[in-house]
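Chain IDs A, B, C and D follow the sequence of writing; residue 1 opens each chain.
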Amino acid sequence: MRSDFRFFHRLRVRYSEVDWQGIVFNAHYLTYMDVALTEYFRNIGLDYKQLAQEGKMDMALVKTTQEFISSAMFDDELEIGVRISHVGRTSYNVEFEIYKNGFEDMVFRGQTIYVNYDPVKRKSETVPDFFRSLVQAFEH
Amino acid sequence: MRSDFRFFHRLRVRYSEVDWQGIVFNAHYLTYMDVALTEYFRNIGLDYKQLAQEGKMDMALVKTTQEFISSAMFDDELEIGVRISHVGRTSYNVEFEIYKNGFEDMVFRGQTIYVNYDPVKRKSETVPDFFRSLVQAFEH
Amino acid sequence: MRSDFRFFHRLRVRYSEVDWQGIVFNAHYLTYMDVALTEYFRNIGLDYKQLAQEGKMDMALVKTTQEFISSAMFDDELEIGVRISHVGRTSYNVEFEIYKNGFEDMVFRGQTIYVNYDPVKRKSETVPDFFRSLVQAFEH
Amino acid sequence: MRSDFRFFHRLRVRYSEVDWQGIVFNAHYLTYMDVALTEYFRNIGLDYKQLAQEGKMDMALVKTTQEFISSAMFDDELEIGVRISHVGRTSYNVEFEIYKNGFEDMVFRGQTIYVNYDPVKRKSETVPDFFRSLVQAFEH
(Lines give C-alpha, C1' and ligand atoms only; values in the text may rest on other atoms or scores of the structure.)
Protein backbone atom coordinates (compact mmCIF):
# COMPACT_ATOMS: atom_id res chain seq x y z
CA MET A 1 0.00 0.00 0.00
CA ARG A 2 1.00 3.63 -0.48
CA SER A 3 2.55 3.98 2.98
CA ASP A 4 5.12 1.26 2.15
CA PHE A 5 6.85 3.65 -0.22
CA ARG A 6 9.07 6.61 0.51
CA PHE A 7 9.49 7.50 -3.18
CA PHE A 8 6.95 8.05 -5.94
CA HIS A 9 7.59 9.03 -9.53
CA ARG A 10 4.71 10.70 -11.30
CA LEU A 11 4.05 10.39 -15.03
CA ARG A 12 1.15 10.89 -17.38
CA VAL A 13 -0.13 8.14 -19.69
CA ARG A 14 0.66 8.90 -23.33
CA TYR A 15 -1.86 8.42 -26.13
CA SER A 16 0.61 6.06 -27.85
CA GLU A 17 0.52 3.79 -24.78
CA VAL A 18 -3.17 2.94 -24.80
CA ASP A 19 -4.66 0.21 -26.91
CA TRP A 20 -7.94 -0.47 -28.64
CA GLN A 21 -9.66 -1.03 -25.30
CA GLY A 22 -8.54 2.49 -24.32
CA ILE A 23 -6.28 1.20 -21.54
CA VAL A 24 -2.51 1.10 -21.16
CA PHE A 25 -1.09 -1.87 -23.08
CA ASN A 26 0.60 -4.22 -20.62
CA ALA A 27 4.15 -3.97 -22.00
CA HIS A 28 4.32 -0.28 -21.16
CA TYR A 29 4.21 -1.06 -17.44
CA LEU A 30 7.70 -2.51 -17.76
CA THR A 31 8.83 0.79 -19.25
CA TYR A 32 7.09 2.67 -16.43
CA MET A 33 8.98 0.56 -13.88
CA ASP A 34 12.26 1.23 -15.66
CA VAL A 35 11.65 4.99 -15.79
CA ALA A 36 10.61 5.10 -12.13
CA LEU A 37 13.68 3.14 -11.00
CA THR A 38 15.99 5.57 -12.83
CA GLU A 39 14.30 8.42 -10.96
CA TYR A 40 14.51 6.54 -7.64
CA PHE A 41 18.24 6.18 -8.24
CA ARG A 42 18.57 9.89 -9.02
CA ASN A 43 16.63 10.69 -5.86
CA ILE A 44 19.03 8.75 -3.60
CA GLY A 45 22.06 10.27 -5.30
CA LEU A 46 22.89 7.78 -8.06
CA ASP A 47 23.18 8.85 -11.69
CA TYR A 48 22.44 5.59 -13.51
CA LYS A 49 23.58 6.89 -16.88
CA GLN A 50 26.94 8.06 -15.55
CA LEU A 51 27.54 4.86 -13.57
CA ALA A 52 26.84 2.75 -16.64
CA GLN A 53 29.04 4.91 -18.86
CA GLU A 54 31.95 4.83 -16.44
CA GLY A 55 31.58 1.05 -16.12
CA LYS A 56 31.06 1.39 -12.36
CA MET A 57 27.71 -0.34 -12.30
CA ASP A 58 25.20 -1.81 -14.68
CA MET A 59 22.22 -3.99 -14.17
CA ALA A 60 20.29 -6.78 -15.82
CA LEU A 61 16.68 -7.69 -15.12
CA VAL A 62 16.53 -11.41 -14.38
CA LYS A 63 12.99 -11.95 -13.16
CA THR A 64 9.85 -9.87 -12.84
CA THR A 65 6.21 -10.41 -11.90
CA GLN A 66 3.37 -8.03 -12.70
CA GLU A 67 -0.22 -7.92 -11.48
CA PHE A 68 -2.75 -5.83 -13.37
CA ILE A 69 -5.34 -4.83 -10.81
CA SER A 70 -7.30 -2.01 -12.44
CA SER A 71 -6.97 -0.07 -15.68
CA ALA A 72 -5.09 3.12 -16.44
CA MET A 73 -6.31 5.23 -19.34
CA PHE A 74 -4.98 7.92 -21.66
CA ASP A 75 -4.05 11.13 -19.84
CA ASP A 76 -4.25 9.57 -16.36
CA GLU A 77 -1.60 10.82 -14.00
CA LEU A 78 0.05 7.85 -12.33
CA GLU A 79 2.10 7.72 -9.16
CA ILE A 80 4.66 4.93 -9.25
CA GLY A 81 5.92 3.85 -5.84
CA VAL A 82 9.43 2.34 -5.89
CA ARG A 83 11.35 0.71 -3.07
CA ILE A 84 14.36 -1.56 -2.91
CA SER A 85 13.23 -4.22 -0.48
CA HIS A 86 16.39 -6.33 -0.37
CA VAL A 87 20.02 -5.98 -1.43
CA GLY A 88 21.82 -9.32 -1.72
CA ARG A 89 25.41 -10.07 -2.66
CA THR A 90 25.08 -9.70 -6.45
CA SER A 91 21.38 -8.88 -6.81
CA TYR A 92 18.65 -6.65 -5.44
CA ASN A 93 14.86 -6.72 -5.32
CA VAL A 94 12.70 -3.78 -6.29
CA GLU A 95 8.98 -3.44 -5.62
CA PHE A 96 6.60 -1.17 -7.49
CA GLU A 97 3.01 -0.11 -6.95
CA ILE A 98 1.11 2.21 -9.24
CA TYR A 99 -1.81 4.39 -8.17
CA LYS A 100 -3.85 6.98 -9.98
CA ASN A 101 -3.01 10.42 -8.70
CA GLY A 102 -5.34 11.22 -5.83
CA PHE A 103 -6.86 7.76 -5.55
CA GLU A 104 -6.12 4.97 -3.08
CA ASP A 105 -7.00 2.07 -5.37
CA MET A 106 -4.01 0.24 -6.79
CA VAL A 107 -3.64 -0.02 -10.58
CA PHE A 108 -0.63 -2.29 -10.75
CA ARG A 109 1.90 -4.11 -8.61
CA GLY A 110 5.29 -5.37 -9.81
CA GLN A 111 8.34 -7.08 -8.38
CA THR A 112 11.71 -7.28 -10.07
CA ILE A 113 15.06 -8.89 -9.38
CA TYR A 114 18.07 -7.19 -10.92
CA VAL A 115 21.56 -8.61 -11.03
CA ASN A 116 24.47 -6.25 -10.77
CA TYR A 117 26.24 -6.84 -14.02
CA ASP A 118 29.70 -6.18 -15.34
CA PRO A 119 29.17 -5.13 -18.97
CA VAL A 120 32.79 -5.90 -19.91
CA LYS A 121 33.10 -9.33 -18.29
CA ARG A 122 29.43 -10.05 -19.14
CA LYS A 123 28.75 -11.64 -15.76
CA SER A 124 27.23 -10.79 -12.40
CA GLU A 125 29.34 -9.03 -9.80
CA THR A 126 29.13 -8.00 -6.15
CA VAL A 127 26.82 -5.01 -5.59
CA PRO A 128 29.13 -2.03 -4.90
CA ASP A 129 29.29 -0.69 -1.34
CA PHE A 130 28.25 2.85 -2.33
CA PHE A 131 25.02 1.43 -3.76
CA ARG A 132 24.26 -0.67 -0.69
CA SER A 133 24.91 2.30 1.61
CA LEU A 134 22.76 4.77 -0.31
CA VAL A 135 19.87 2.33 -0.48
CA GLN A 136 20.05 1.49 3.22
CA ALA A 137 20.28 5.14 4.21
CA PHE A 138 17.15 5.91 2.18
CA GLU A 139 14.99 2.92 3.02
CA HIS A 140 15.69 2.68 6.75
CA MET B 1 11.98 -27.15 -22.90
CA ARG B 2 11.25 -27.12 -26.62
CA SER B 3 9.46 -30.46 -26.64
CA ASP B 4 6.80 -29.10 -24.25
CA PHE B 5 5.41 -26.98 -27.06
CA ARG B 6 3.35 -27.95 -30.05
CA PHE B 7 3.26 -24.42 -31.44
CA PHE B 8 6.02 -21.93 -32.16
CA HIS B 9 5.71 -18.48 -33.66
CA ARG B 10 8.82 -17.15 -35.33
CA LEU B 11 9.75 -13.47 -35.47
CA ARG B 12 12.84 -11.39 -36.07
CA VAL B 13 14.09 -8.81 -33.54
CA ARG B 14 13.63 -5.26 -34.83
CA TYR B 15 16.31 -2.60 -34.56
CA SER B 16 13.84 -0.42 -32.63
CA GLU B 17 13.54 -3.13 -29.96
CA VAL B 18 17.17 -3.26 -28.85
CA ASP B 19 18.62 -0.88 -26.32
CA TRP B 20 21.97 0.71 -25.64
CA GLN B 21 23.40 -2.64 -24.51
CA GLY B 22 22.46 -4.00 -27.95
CA ILE B 23 19.90 -6.42 -26.47
CA VAL B 24 16.11 -6.55 -26.60
CA PHE B 25 14.65 -4.15 -24.02
CA ASN B 26 12.65 -6.15 -21.50
CA ALA B 27 9.22 -4.58 -22.20
CA HIS B 28 9.23 -5.91 -25.77
CA TYR B 29 9.00 -9.49 -24.49
CA LEU B 30 5.46 -8.75 -23.34
CA THR B 31 4.68 -7.66 -26.89
CA TYR B 32 6.32 -10.81 -28.25
CA MET B 33 4.11 -12.92 -25.95
CA ASP B 34 1.02 -11.04 -27.11
CA VAL B 35 1.88 -11.46 -30.80
CA ALA B 36 2.65 -15.16 -30.34
CA LEU B 37 -0.60 -15.82 -28.48
CA THR B 38 -2.62 -14.18 -31.29
CA GLU B 39 -0.88 -16.55 -33.74
CA TYR B 40 -1.48 -19.54 -31.47
CA PHE B 41 -5.17 -18.67 -31.47
CA ARG B 42 -5.19 -18.38 -35.26
CA ASN B 43 -3.45 -21.74 -35.48
CA ILE B 44 -6.12 -23.55 -33.45
CA GLY B 45 -8.92 -21.88 -35.40
CA LEU B 46 -9.72 -18.77 -33.36
CA ASP B 47 -9.65 -15.31 -34.92
CA TYR B 48 -9.00 -13.10 -31.89
CA LYS B 49 -9.80 -9.87 -33.70
CA GLN B 50 -13.16 -11.14 -34.93
CA LEU B 51 -14.14 -12.62 -31.55
CA ALA B 52 -13.34 -9.33 -29.82
CA GLN B 53 -15.21 -7.30 -32.42
CA GLU B 54 -18.29 -9.49 -32.23
CA GLY B 55 -18.19 -9.30 -28.43
CA LYS B 56 -17.93 -13.10 -28.22
CA MET B 57 -14.71 -13.15 -26.25
CA ASP B 58 -12.13 -10.76 -24.94
CA MET B 59 -9.34 -11.16 -22.48
CA ALA B 60 -7.47 -9.26 -19.82
CA LEU B 61 -4.00 -10.07 -18.56
CA VAL B 62 -4.16 -10.28 -14.78
CA LYS B 63 -0.75 -11.65 -13.82
CA THR B 64 2.48 -12.47 -15.59
CA THR B 65 6.00 -13.56 -14.66
CA GLN B 66 9.04 -13.28 -16.90
CA GLU B 67 12.52 -14.74 -16.58
CA PHE B 68 15.32 -13.33 -18.71
CA ILE B 69 17.77 -16.17 -19.18
CA SER B 70 20.03 -15.05 -22.02
CA SER B 71 20.05 -12.10 -24.39
CA ALA B 72 18.46 -11.66 -27.79
CA MET B 73 20.02 -9.15 -30.16
CA PHE B 74 19.05 -7.15 -33.24
CA ASP B 75 18.18 -9.33 -36.24
CA ASP B 76 18.04 -12.55 -34.21
CA GLU B 77 15.31 -14.91 -35.33
CA LEU B 78 13.35 -16.04 -32.31
CA GLU B 79 11.06 -19.02 -31.91
CA ILE B 80 8.35 -18.38 -29.35
CA GLY B 81 6.76 -21.51 -27.92
CA VAL B 82 3.18 -21.04 -26.70
CA ARG B 83 0.95 -23.47 -24.86
CA ILE B 84 -2.20 -23.12 -22.81
CA SER B 85 -1.44 -25.23 -19.77
CA HIS B 86 -4.72 -24.84 -17.92
CA VAL B 87 -8.24 -23.62 -18.67
CA GLY B 88 -10.23 -22.72 -15.54
CA ARG B 89 -13.77 -21.48 -15.19
CA THR B 90 -13.13 -17.82 -16.04
CA SER B 91 -9.37 -17.81 -16.63
CA TYR B 92 -6.62 -19.67 -18.44
CA ASN B 93 -2.86 -20.00 -18.07
CA VAL B 94 -0.44 -19.58 -20.94
CA GLU B 95 3.23 -20.53 -20.91
CA PHE B 96 5.88 -19.15 -23.23
CA GLU B 97 9.48 -20.06 -23.92
CA ILE B 98 11.70 -18.25 -26.39
CA TYR B 99 14.66 -19.78 -28.20
CA LYS B 100 16.99 -18.48 -30.84
CA ASN B 101 16.29 -20.17 -34.12
CA GLY B 102 18.45 -23.27 -34.38
CA PHE B 103 19.72 -23.17 -30.80
CA GLU B 104 18.61 -25.18 -27.79
CA ASP B 105 19.47 -22.57 -25.14
CA MET B 106 16.48 -20.74 -23.75
CA VAL B 107 16.37 -16.94 -24.02
CA PHE B 108 13.25 -16.27 -22.01
CA ARG B 109 10.45 -17.95 -20.12
CA GLY B 110 7.10 -16.38 -19.28
CA GLN B 111 3.84 -17.36 -17.65
CA THR B 112 0.60 -15.43 -17.92
CA ILE B 113 -2.88 -15.67 -16.50
CA TYR B 114 -5.66 -14.21 -18.59
CA VAL B 115 -9.20 -13.66 -17.48
CA ASN B 116 -11.98 -14.08 -19.98
CA TYR B 117 -13.54 -10.67 -19.97
CA ASP B 118 -16.84 -9.23 -21.04
CA PRO B 119 -15.98 -5.83 -22.54
CA VAL B 120 -19.56 -4.57 -22.18
CA LYS B 121 -20.21 -5.65 -18.58
CA ARG B 122 -16.55 -4.96 -17.70
CA LYS B 123 -16.23 -8.12 -15.63
CA SER B 124 -14.91 -11.65 -15.92
CA GLU B 125 -17.06 -14.33 -17.47
CA THR B 126 -17.08 -18.09 -17.99
CA VAL B 127 -14.64 -19.20 -20.69
CA PRO B 128 -16.79 -20.16 -23.70
CA ASP B 129 -17.10 -23.84 -24.58
CA PHE B 130 -15.78 -23.43 -28.13
CA PHE B 131 -12.54 -22.01 -26.69
CA ARG B 132 -12.16 -24.81 -24.16
CA SER B 133 -12.78 -27.46 -26.82
CA LEU B 134 -10.34 -26.02 -29.35
CA VAL B 135 -7.59 -25.71 -26.74
CA GLN B 136 -8.11 -29.24 -25.43
CA ALA B 137 -8.17 -30.69 -28.95
CA PHE B 138 -4.88 -29.00 -29.74
CA GLU B 139 -2.97 -29.57 -26.52
CA HIS B 140 -3.98 -33.17 -25.85
CA MET C 1 14.49 28.99 -33.38
CA ARG C 2 13.52 29.03 -29.72
CA SER C 3 12.00 32.49 -29.79
CA ASP C 4 9.41 31.36 -32.36
CA PHE C 5 7.69 29.35 -29.66
CA ARG C 6 5.50 30.49 -26.81
CA PHE C 7 5.06 26.97 -25.42
CA PHE C 8 7.56 24.28 -24.54
CA HIS C 9 6.89 20.87 -23.07
CA ARG C 10 9.79 19.30 -21.20
CA LEU C 11 10.41 15.56 -21.02
CA ARG C 12 13.29 13.24 -20.23
CA VAL C 13 14.50 10.58 -22.68
CA ARG C 14 13.68 7.08 -21.43
CA TYR C 15 16.15 4.21 -21.54
CA SER C 16 13.66 2.24 -23.63
CA GLU C 17 13.74 4.96 -26.30
CA VAL C 18 17.43 4.78 -27.17
CA ASP C 19 18.84 2.31 -29.62
CA TRP C 20 22.09 0.43 -30.08
CA GLN C 21 23.86 3.66 -31.09
CA GLY C 22 22.79 5.12 -27.72
CA ILE C 23 20.54 7.73 -29.35
CA VAL C 24 16.78 8.15 -29.48
CA PHE C 25 15.30 5.87 -32.14
CA ASN C 26 13.62 8.01 -34.79
CA ALA C 27 10.05 6.71 -34.31
CA HIS C 28 9.93 8.04 -30.76
CA TYR C 29 10.06 11.62 -32.04
CA LEU C 30 6.55 11.16 -33.39
CA THR C 31 5.45 10.14 -29.91
CA TYR C 32 7.25 13.17 -28.45
CA MET C 33 5.37 15.44 -30.87
CA ASP C 34 2.07 13.80 -29.93
CA VAL C 35 2.72 14.17 -26.19
CA ALA C 36 3.80 17.79 -26.57
CA LEU C 37 0.73 18.69 -28.64
CA THR C 38 -1.58 17.23 -25.98
CA GLU C 39 0.17 19.46 -23.40
CA TYR C 40 -0.04 22.48 -25.71
CA PHE C 41 -3.79 21.89 -25.95
CA ARG C 42 -4.07 21.62 -22.17
CA ASN C 43 -2.08 24.83 -21.83
CA ILE C 44 -4.47 26.83 -24.03
CA GLY C 45 -7.50 25.39 -22.26
CA LEU C 46 -8.40 22.35 -24.35
CA ASP C 47 -8.70 18.89 -22.80
CA TYR C 48 -8.04 16.65 -25.79
CA LYS C 49 -9.21 13.49 -24.04
CA GLN C 50 -12.52 15.02 -23.02
CA LEU C 51 -13.16 16.57 -26.46
CA ALA C 52 -12.52 13.24 -28.15
CA GLN C 53 -14.71 11.34 -25.68
CA GLU C 54 -17.59 13.78 -26.06
CA GLY C 55 -17.27 13.58 -29.84
CA LYS C 56 -16.69 17.33 -30.02
CA MET C 57 -13.38 17.14 -31.79
CA ASP C 58 -10.91 14.55 -32.93
CA MET C 59 -7.94 14.72 -35.22
CA ALA C 60 -6.06 12.66 -37.76
CA LEU C 61 -2.47 13.20 -38.79
CA VAL C 62 -2.35 13.42 -42.58
CA LYS C 63 1.21 14.52 -43.32
CA THR C 64 4.37 15.07 -41.33
CA THR C 65 8.01 15.88 -42.02
CA GLN C 66 10.88 15.38 -39.59
CA GLU C 67 14.48 16.56 -39.68
CA PHE C 68 17.01 14.92 -37.38
CA ILE C 69 19.64 17.56 -36.74
CA SER C 70 21.63 16.31 -33.77
CA SER C 71 21.27 13.36 -31.41
CA ALA C 72 19.44 13.08 -28.12
CA MET C 73 20.65 10.45 -25.68
CA PHE C 74 19.32 8.54 -22.68
CA ASP C 75 18.44 10.79 -19.72
CA ASP C 76 18.68 14.02 -21.75
CA GLU C 77 16.06 16.56 -20.80
CA LEU C 78 14.38 17.84 -23.94
CA GLU C 79 12.37 20.98 -24.48
CA ILE C 80 9.78 20.55 -27.20
CA GLY C 81 8.54 23.80 -28.72
CA VAL C 82 5.02 23.60 -30.16
CA ARG C 83 3.11 26.18 -32.15
CA ILE C 84 0.08 26.09 -34.39
CA SER C 85 1.20 28.12 -37.35
CA HIS C 86 -1.98 27.99 -39.43
CA VAL C 87 -5.61 27.06 -38.92
CA GLY C 88 -7.46 26.32 -42.16
CA ARG C 89 -11.06 25.35 -42.74
CA THR C 90 -10.77 21.65 -41.87
CA SER C 91 -7.08 21.33 -41.04
CA TYR C 92 -4.30 22.97 -39.05
CA ASN C 93 -0.51 23.02 -39.18
CA VAL C 94 1.68 22.42 -36.15
CA GLU C 95 5.42 23.09 -35.94
CA PHE C 96 7.78 21.48 -33.46
CA GLU C 97 11.39 22.12 -32.53
CA ILE C 98 13.30 20.14 -29.93
CA TYR C 99 16.26 21.45 -27.94
CA LYS C 100 18.31 19.98 -25.15
CA ASN C 101 17.50 21.73 -21.92
CA GLY C 102 19.86 24.68 -21.51
CA PHE C 103 21.37 24.45 -25.00
CA GLU C 104 20.62 26.51 -28.09
CA ASP C 105 21.45 23.84 -30.67
CA MET C 106 18.43 22.24 -32.27
CA VAL C 107 18.01 18.47 -32.02
CA PHE C 108 14.97 18.04 -34.21
CA ARG C 109 12.44 19.93 -36.29
CA GLY C 110 9.03 18.62 -37.34
CA GLN C 111 5.97 19.86 -39.18
CA THR C 112 2.58 18.19 -39.12
CA ILE C 113 -0.77 18.69 -40.76
CA TYR C 114 -3.80 17.46 -38.86
CA VAL C 115 -7.30 17.19 -40.20
CA ASN C 116 -10.18 17.83 -37.88
CA TYR C 117 -12.01 14.57 -37.99
CA ASP C 118 -15.48 13.41 -37.12
CA PRO C 119 -15.01 9.96 -35.59
CA VAL C 120 -18.65 9.00 -36.17
CA LYS C 121 -18.97 10.14 -39.79
CA ARG C 122 -15.33 9.12 -40.44
CA LYS C 123 -14.62 12.23 -42.48
CA SER C 124 -13.04 15.64 -42.12
CA GLU C 125 -15.07 18.49 -40.70
CA THR C 126 -14.81 22.25 -40.18
CA VAL C 127 -12.46 23.16 -37.33
CA PRO C 128 -14.73 24.27 -34.44
CA ASP C 129 -14.81 27.96 -33.57
CA PHE C 130 -13.75 27.45 -29.95
CA PHE C 131 -10.55 25.79 -31.18
CA ARG C 132 -9.79 28.54 -33.69
CA SER C 133 -10.37 31.23 -31.05
CA LEU C 134 -8.22 29.62 -28.37
CA VAL C 135 -5.35 29.09 -30.81
CA GLN C 136 -5.51 32.65 -32.13
CA ALA C 137 -5.68 34.11 -28.62
CA PHE C 138 -2.58 32.18 -27.61
CA GLU C 139 -0.43 32.58 -30.72
CA HIS C 140 -1.12 36.25 -31.43
CA MET D 1 1.93 2.81 -57.06
CA ARG D 2 2.62 -0.89 -56.55
CA SER D 3 4.36 -1.37 -59.87
CA ASP D 4 7.07 1.15 -58.89
CA PHE D 5 8.45 -1.37 -56.40
CA ARG D 6 10.47 -4.48 -57.00
CA PHE D 7 10.58 -5.38 -53.32
CA PHE D 8 7.85 -5.74 -50.72
CA HIS D 9 8.17 -6.75 -47.12
CA ARG D 10 5.07 -8.20 -45.53
CA LEU D 11 4.19 -7.83 -41.85
CA ARG D 12 1.12 -8.10 -39.68
CA VAL D 13 -0.08 -5.23 -37.46
CA ARG D 14 0.42 -6.05 -33.77
CA TYR D 15 -2.22 -5.39 -31.13
CA SER D 16 0.29 -3.20 -29.26
CA GLU D 17 0.59 -0.95 -32.32
CA VAL D 18 -3.03 0.19 -32.53
CA ASP D 19 -4.43 3.03 -30.51
CA TRP D 20 -7.75 3.95 -28.99
CA GLN D 21 -9.20 4.65 -32.44
CA GLY D 22 -8.30 1.04 -33.34
CA ILE D 23 -5.78 2.15 -35.98
CA VAL D 24 -1.99 1.96 -36.12
CA PHE D 25 -0.48 4.82 -34.10
CA ASN D 26 1.54 7.02 -36.44
CA ALA D 27 4.97 6.50 -34.83
CA HIS D 28 4.91 2.79 -35.68
CA TYR D 29 5.10 3.57 -39.39
CA LEU D 30 8.67 4.76 -38.84
CA THR D 31 9.43 1.38 -37.30
CA TYR D 32 7.73 -0.36 -40.22
CA MET D 33 9.94 1.59 -42.64
CA ASP D 34 13.04 0.66 -40.66
CA VAL D 35 12.13 -3.03 -40.58
CA ALA D 36 11.32 -3.07 -44.29
CA LEU D 37 14.61 -1.35 -45.23
CA THR D 38 16.60 -3.95 -43.26
CA GLU D 39 14.80 -6.66 -45.24
CA TYR D 40 15.39 -4.82 -48.52
CA PHE D 41 19.10 -4.76 -47.70
CA ARG D 42 19.07 -8.47 -46.91
CA ASN D 43 17.27 -9.12 -50.18
CA ILE D 44 19.95 -7.40 -52.30
CA GLY D 45 22.75 -9.13 -50.41
CA LEU D 46 23.60 -6.70 -47.60
CA ASP D 47 23.56 -7.79 -43.97
CA TYR D 48 22.98 -4.49 -42.19
CA LYS D 49 23.79 -5.85 -38.75
CA GLN D 50 27.11 -7.29 -39.88
CA LEU D 51 28.11 -4.14 -41.81
CA ALA D 52 27.38 -1.98 -38.77
CA GLN D 53 29.25 -4.31 -36.43
CA GLU D 54 32.31 -4.46 -38.68
CA GLY D 55 32.28 -0.67 -38.99
CA LYS D 56 31.94 -0.96 -42.79
CA MET D 57 28.76 1.01 -43.05
CA ASP D 58 26.23 2.67 -40.84
CA MET D 59 23.45 5.08 -41.53
CA ALA D 60 21.63 8.01 -39.97
CA LEU D 61 18.17 9.20 -40.90
CA VAL D 62 18.36 12.91 -41.64
CA LYS D 63 14.95 13.72 -43.07
CA THR D 64 11.69 11.91 -43.61
CA THR D 65 8.17 12.72 -44.78
CA GLN D 66 5.10 10.57 -44.17
CA GLU D 67 1.62 10.74 -45.62
CA PHE D 68 -1.19 8.86 -43.90
CA ILE D 69 -3.68 8.04 -46.61
CA SER D 70 -5.95 5.41 -45.12
CA SER D 71 -5.97 3.46 -41.86
CA ALA D 72 -4.41 0.13 -41.00
CA MET D 73 -5.98 -1.87 -38.18
CA PHE D 74 -5.01 -4.65 -35.81
CA ASP D 75 -4.21 -7.94 -37.56
CA ASP D 76 -4.09 -6.36 -41.03
CA GLU D 77 -1.39 -7.82 -43.23
CA LEU D 78 0.59 -5.00 -44.79
CA GLU D 79 2.84 -5.02 -47.81
CA ILE D 80 5.59 -2.45 -47.55
CA GLY D 81 7.16 -1.48 -50.88
CA VAL D 82 10.76 -0.25 -50.62
CA ARG D 83 12.98 1.23 -53.28
CA ILE D 84 16.16 3.26 -53.24
CA SER D 85 15.40 5.99 -55.74
CA HIS D 86 18.71 7.86 -55.64
CA VAL D 87 22.24 7.23 -54.37
CA GLY D 88 24.27 10.40 -53.92
CA ARG D 89 27.85 10.87 -52.78
CA THR D 90 27.23 10.53 -49.03
CA SER D 91 23.47 10.00 -48.88
CA TYR D 92 20.67 8.00 -50.44
CA ASN D 93 16.92 8.36 -50.79
CA VAL D 94 14.47 5.61 -49.98
CA GLU D 95 10.78 5.55 -50.88
CA PHE D 96 8.13 3.48 -49.16
CA GLU D 97 4.51 2.71 -49.93
CA ILE D 98 2.28 0.54 -47.77
CA TYR D 99 -0.72 -1.42 -49.02
CA LYS D 100 -3.07 -3.82 -47.37
CA ASN D 101 -2.42 -7.31 -48.59
CA GLY D 102 -4.61 -7.95 -51.63
CA PHE D 103 -5.85 -4.39 -51.99
CA GLU D 104 -4.75 -1.67 -54.39
CA ASP D 105 -5.52 1.30 -52.14
CA MET D 106 -2.49 2.89 -50.55
CA VAL D 107 -2.36 3.13 -46.75
CA PHE D 108 0.81 5.15 -46.38
CA ARG D 109 3.60 6.77 -48.34
CA GLY D 110 6.99 7.78 -46.94
CA GLN D 111 10.25 9.22 -48.16
CA THR D 112 13.51 9.18 -46.25
CA ILE D 113 17.02 10.51 -46.72
CA TYR D 114 19.78 8.59 -45.01
CA VAL D 115 23.35 9.73 -44.66
CA ASN D 116 26.10 7.14 -44.78
CA TYR D 117 27.69 7.59 -41.41
CA ASP D 118 31.01 6.67 -39.89
CA PRO D 119 30.17 5.65 -36.32
CA VAL D 120 33.78 6.12 -35.13
CA LYS D 121 34.46 9.54 -36.71
CA ARG D 122 30.80 10.51 -36.10
CA LYS D 123 30.47 12.18 -39.49
CA SER D 124 29.09 11.46 -42.94
CA GLU D 125 31.19 9.53 -45.41
CA THR D 126 31.15 8.52 -49.08
CA VAL D 127 28.67 5.74 -49.80
CA PRO D 128 30.77 2.57 -50.35
CA ASP D 129 31.03 1.21 -53.90
CA PHE D 130 29.67 -2.23 -52.99
CA PHE D 131 26.47 -0.57 -51.75
CA ARG D 132 26.08 1.57 -54.87
CA SER D 133 26.64 -1.44 -57.13
CA LEU D 134 24.20 -3.73 -55.35
CA VAL D 135 21.49 -1.06 -55.36
CA GLN D 136 21.97 -0.25 -59.03
CA ALA D 137 21.98 -3.91 -59.99
CA PHE D 138 18.68 -4.44 -58.19
CA GLU D 139 16.81 -1.29 -59.15
CA HIS D 140 17.79 -1.13 -62.83
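One rule holds in what follows: a residue touches a chain if its C-beta (ideal position, glycine included) is under 8 Å from a C-beta of that chain, and two chains touch if they have at least 3 such contacts.
Keep in mind that this is a model prediction, so the values were computed, not measured.
K.L.:
When the contacting C-beta pairs are counted for A-C and for A-B, which pair yields the higher total?
P.N.:
Greater number of contacting C-beta pairs: A-B.
K.L.:
Tell me, please, which chain's centre (mean of its C-alpha atoms) is farthest from the centre of chain D?
P.N.:
Comparing chain centres, A lies farthest from chain D.
K.L.:
If you average the Cα atoms of chain A and of chain C to get two centres, how far apart are those centres in Å?
P.N.:
Result: the chain centres lie 28 Å from each other.
K.L.:
Go ahead and note the Å separation of the Cα centroids belonging to chain A and chain B.
P.N.:
24
K.L.:
Residues of chain C that contact two or more other chains, please.
P.N.:
15-16, 20, 27, 31, 34, 74
K.L.:
Please name which positions on chain B make contact with chain D in the complex.
P.N.:
The contact residues of chain B facing chain D are 14-16, 31, 34-35, 38, 48-49, 74-75.
K.L.:
For the complex, which residues does chain B have touching chain C?
P.N.:
Checking each residue of chain B against chain C gives 15-16, 18-20, 22, 25, 27, 74.
K.L.:
Enumerate the contact residues on chain D facing chain C in the complex.
P.N.:
Touching chain C: residues 20-21, 26-31, 34, 52, 58, 60-68, 119 of chain D.
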